[in-house]
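Both complexes shown next keep subunit A, but they swap its partner, so subunit B is in the first and subunit C is in the second.
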Partner chain A sequence: MNLAEGVQIVSFGLLSLMMIGAALGVVLLANIVYSAFLLGGVFISIAGLYILLNADFVAAAQILIYVGAVNVLILFAIMLVNKRQDFAPLPNAWVRQGATALVCAGLFVLLGTMVLATPWSTTKVVGAVPAQSSIVTIGEHFFTDYLLPFELASVLLLIAMIGAIILARREYLPEQTISPEKPQQPALTLPERPKELLIAGSDKKA
Partner chain B sequence: MQLQLQYFLLLAAALFCVGIYGLITSRNAVRVLMSIELMLNAVNLNLMGFSNFLDSQAIKGQVFTVFVITVAAAEAAVGLAIVLAIYRNRDTVDMEAFNLLKW
Partner chain C sequence: MSFAELAAQLNAGTILPESIVIATLIVVIMVDLIVGRTSTRWTPYLAVAGLLASVVALFSQWDINNPVSFLGGFNGDALSVVFRGIIALSAAVTILMSISYIEQSGTSLGEFVGILLTATIGGMFLSGANELVMIFISLETLSISSYLLTGYTKRDPRSNEAALKYLLIGASSTAIFLYGVSLLYGLSGGETKLSAIAAGLAAGSGQSLALVIALVFAIAGIAFKISAVPFHQWTPDVYEGSPTPVVAFLSVGSKAAGFALAIRLMVTVFPLVSEQWHFIFTALAILSMVLGNVVALTQTSMKRLLAYSSIAQAGFVMLGLIASTEAGYSSMVFYMLVYLFMNLCGFICVILFSLRTGTDQISEYSGLYQKDPLLTLGLSISLLSLGGIPPLAGFFGKLYLFWAGWQAGLYLLVLLGLITSVVSIYYYIRVVKMMVVKEPQEMSDAVKNYPPISWNFSGMRALQVGLVVTLIATSLAGILSNPLFNLANGSVAKTEMLQSAVISSQVVEATTQVSVIK
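What follows is the complex of A and B.
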């Protein structure tokens, strides 16, 4: 990274403020659609932090995969389960939230103490340019010493795709149970229909 | 004054704690999945910081980050499919209503 140190510090401050604010918004806002869009803001801020850390390829992958795929997937899920309901208030809900906030603050203090107390042996020389571009190095890692995890990742993606399709598929019922007295439908229609149509059709008939 | 490793580690710790808070306290199932994404991103930030400051020649932390991003994408797809299936069964996304396995 060839930026001046002041520019780096200011960018880091702005990006971290954006990230923490958006993350708090994701967790605390009541409207979940706002939360989903703020989650995209968190991902973009983290991509900026990656660029500050000399990782251009991973920053691009972060924006492509997280903002482009995961965030859109979450928005689609919100759209599919968009039920405006007020959750029934729990008794002693503030006890749970207060205890959780206390535990999280304690964990943050613990992690911060550990981070500040550990003598990290940072051997980074200021202005030291890596020998080659990061994408070349990552590619060499992928096809030499991390070849097996790389191939396993493709298998994992295939398994996840098939599993998601099977889990999210609607349950179909055969046509015969819906209307046994009706004559068989002509061709070019599906032999199965969703369960909702069955319920609506039986209501209309009755 | 220049950027230190500690800044990134503290930032990742804060993001992780926010993620844990959202994971435990939120009632909406989709928001729980979003909190999990926050925690995974905090771990990724840690890996990238270590990769840049301790291992800047052979950047193995970035390789691990790419793997974590892959697993996170698969997790999001399967998790949202499970949420959809539960929503069809129980007609709600309230985490307190998913008590099928409770005693």
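What follows is the complex of A and C.
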């Protein structure tokens, strides 16, 4: 074993330990803010594993998107819903937890057996040292054999954006129901539903 | 590779129908953005015109010589043409029925049409997707637009609940599907095209534990889309909570896309584990037929009744897939064509009733015959057709499915199908009886206060056109079913992958028979 292989094995072990530890923390800790921060740790360790696999672009994308966007978004959501609520412990909680543990362990054994028992066909990729930067390869694929999914993804992102705006924007009043004693809105603003009306309306329906 | 060579290799003409729908989508969104709310008087009709133009374009691709395009990413063979046509037609009828519904619910129509068109694009691409990345992206396009449509009336808490449930269950089923697909990628040595995967699997170790796990996970993802038991838990809640036109699209368009994916994936990729996938689909079909029909008996809400009925119908259609003969596949296509008209007709009637009375309860339909004969006729015909009463289209669809299953030797499954469809006739007839037989004094309050029939409100004309067209199609497709039969048979006969699959399974059967004789 030369130095490079040794470094690789040690860093693989460290990254795996980090990932498993952080993932266990995400599931087991009671405080959701800790879970959210540990989730960021999981994502970063996965990015490290990608670098070990020569996938530098995917690692960068992993950190930018998952840590930088998704995880920060989760944290924002948690902090905006700042609600403390004590849940009464369920009477037979251990039954459910035991059942969950059993199912998870069974799934782990099944998938582990599968990974060990399967003769993976690795003829194509063994010892593949990338001849050019992975970004160039990815770009070539995007504009040749993966052209159609790449273009369809733009339609998907467009409608995801439109949908997010629809779900997030405030509702306009369908009719003019602003009562006359309230001060008239300035001419240029849109007739938005006043705050208290919105709350009263949603309470009535819920 | 020069540009001209690449353009010739892409063979982009095969996605002309989808391109028409995408162009329509862009026009609808831009017009809504620039002109404003007043444009909703004509943009829905523009969308319907675009979808019909895309169906016409599909017709011109019926006899296409070279269906594989985008370097193997898309396969526009005759089977995909039929399924894409079903999805586009269901979207067109859905837009017709949604105009007045969405206006009544106080939400904006332009965005609704846009999201529905995107869902259509996703479903159409999914029917022809021939490569794992393409399958995943188009599946996500369909799913994400469906989640958005489900939660579209966001001031209604039931719609919010339905959207959240659909999103969570859908995301986990997508994750499971993706895991199975990644196993396929690994087993075949890094291939994503379906035919290359099949070749890689055949060259490799053959049947292995990993392949079976990949199969189970892939089926879990597909069964969620076609809402087969036990992956059906989302269906009743989503059907009850979401806007009714969306439910109509989910029960026809989305389901057709799921079946197209099921046929392509099972036939192309999994011939090695053919026994296993037949076994799994048999179990799914039995559970769907029994549970769907039995639970539907106790429903009091019309939308929940149709939800369980759609689960049961998915069970019947799976019979054709399990038969895996030429007749089996074409009976699936035929039933989906018939199901398109009868189910959409039923949903148009439900929408019309809830627009006029504001309720979906089955008991409120009693005595409707005296007040609204057209609505009663439409709902009766579509429900009787769904139940499979002889001269109507649904009867011939079921007959063809059961005949194909019987020919393939699935005697128990066909018997079970017959018994459960007798059960289904009971709950369909119960609604019809409620509407037709009741005396005037037994009328429900909603029907007593029935508003005078008028088609002059905005969007009601479109609803009327949709009702009449689907009603005529449902009643005539039974008697004049020959064109549909020819379409279904032709689509299977022209599809290369099904032909080679049928021949190879016959060869296997012949060799086993020979070995038995020896």
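The working rule: the second predicted complex is superposed on the first by the 160 of 206 C-alpha atoms of A that agree within 3 Å, B and C clash if a C-alpha of one lies under 4 Å from a C-alpha of the other, contacts with A are read in each partner's own complex, and residues count from 1 in each chain.
We adopt the following convention: contacts are C-beta pairs under 8 Å (C-beta built on N, C-alpha and C of every residue); 3 or more make two chains touch, one makes a residue touch a chain.
Since the structure is predicted, the reported quantities are computational estimates derived from the model, not experimental observations.
Novice: Have a look at where A:144 lands relative to subunit B and subunit C in the superposition and call it first, second, both or neither.
Specialist: After superposing on A, A:144 lies in contact with subunit C but is clear of subunit B.
Novice: In the superposed arrangement, which partner chain does A:136 touch: subunit B (first), subunit C (second), both, or neither?
Specialist: So A:136 meets neither subunit B nor subunit C here.
Novice: Which partner chains sit in contact with A:79 here, subunit B, subunit C, both or neither? Use first/second/both/neither.
Specialist: Neither subunit B nor subunit C is touched by A:79.
Novice: With both complexes superposed on chain A, which partner does A:32 reach: first (subunit B), second (subunit C), both or neither?
Specialist: Only subunit B; A:32 stays clear of subunit C.
Novice: Between subunit B and subunit C, point out the one touching more subunit A residues.
Specialist: Touching more of subunit A: B.
Novice: Under the stated touch criterion, which partner chain does A:42 make contact with: subunit B (first), subunit C (second), both, or neither?
Specialist: First partner only, subunit B.
Novice: For A:167, select first, second, both or neither according to whether it touches subunit B, subunit C, the two together, or no partner.
Specialist: Both partners.
Novice: Let me test your reading of the model: by the given contact rule, A:119 touches which partner, first (subunit B), second (subunit C), both or neither?
Specialist: second
Novice: Using the superposition on chain A described above, determine whether A:7 touches subunit B (first), subunit C (second), both, or neither.
Specialist: After superposition on chain A, A:7 lies in contact with neither partner.
Novice: Does the superposition put A:24 against subunit B (first), subunit C (second), both, or neither?
Specialist: first
Novice: Both subunit B and subunit C contact which residues of subunit A?
Specialist: Shared contact residues on subunit A (touching subunit B in one complex, subunit C in the other): 111, 115, 120-124, 146, 149, 153, 156, 159-160, 163, 167.
Novice: Going by the contact rule at the top, pick out the subunit A residues touching subunit B in the complex.
Specialist: Subunit A reaches subunit B through residues 5, 8-9, 12, 16, 19-20, 23-24, 26-27, 32, 35-36, 39, 42-43, 46, 49-50, 52-55, 57-58, 61-62, 65-66, 69-70, 73-74, 76-78, 80-81, 83, 85, 87-88, 90, 96-97, 100-101, 103-105, 107-108, 111-112, 115-116, 120-124, 126, 128, 130-131, 134, 137-138, 141-142, 146, 149, 153, 156-157, 159-161, 163-165, 167-168, 170.
Novice: Touching residues of subunit C toward subunit A in the complex: what are they?
Specialist: Those in contact with subunit A are residues 1, 6, 10, 15, 22, 25, 29, 70-74, 106, 111, 114-115, 118, 121-122, 125, 131, 133-134, 136-138, 140-141, 144-145, 148, 151-152, 154-157, 186-190, 200, 203-205, 208-210, 213.
Novice: Inside the complex, what are the residues of subunit A that reach subunit C?
Specialist: Residue list for subunit A touching subunit C: 110-111, 113-115, 117-125, 144-149, 152-153, 155-156, 158-160, 162-163, 166-167, 171, 174, 201-202, 205-206.
Novice: Would you pull the subunit B residues touching subunit A in the complex into a rising list?
Specialist: 1-11, 13-22, 24-31, 33-35, 37-38, 41, 44-45, 48-49, 51-54, 56-60, 62-63, 65-67, 69-78, 80-85, 87-88, 91-94, 96
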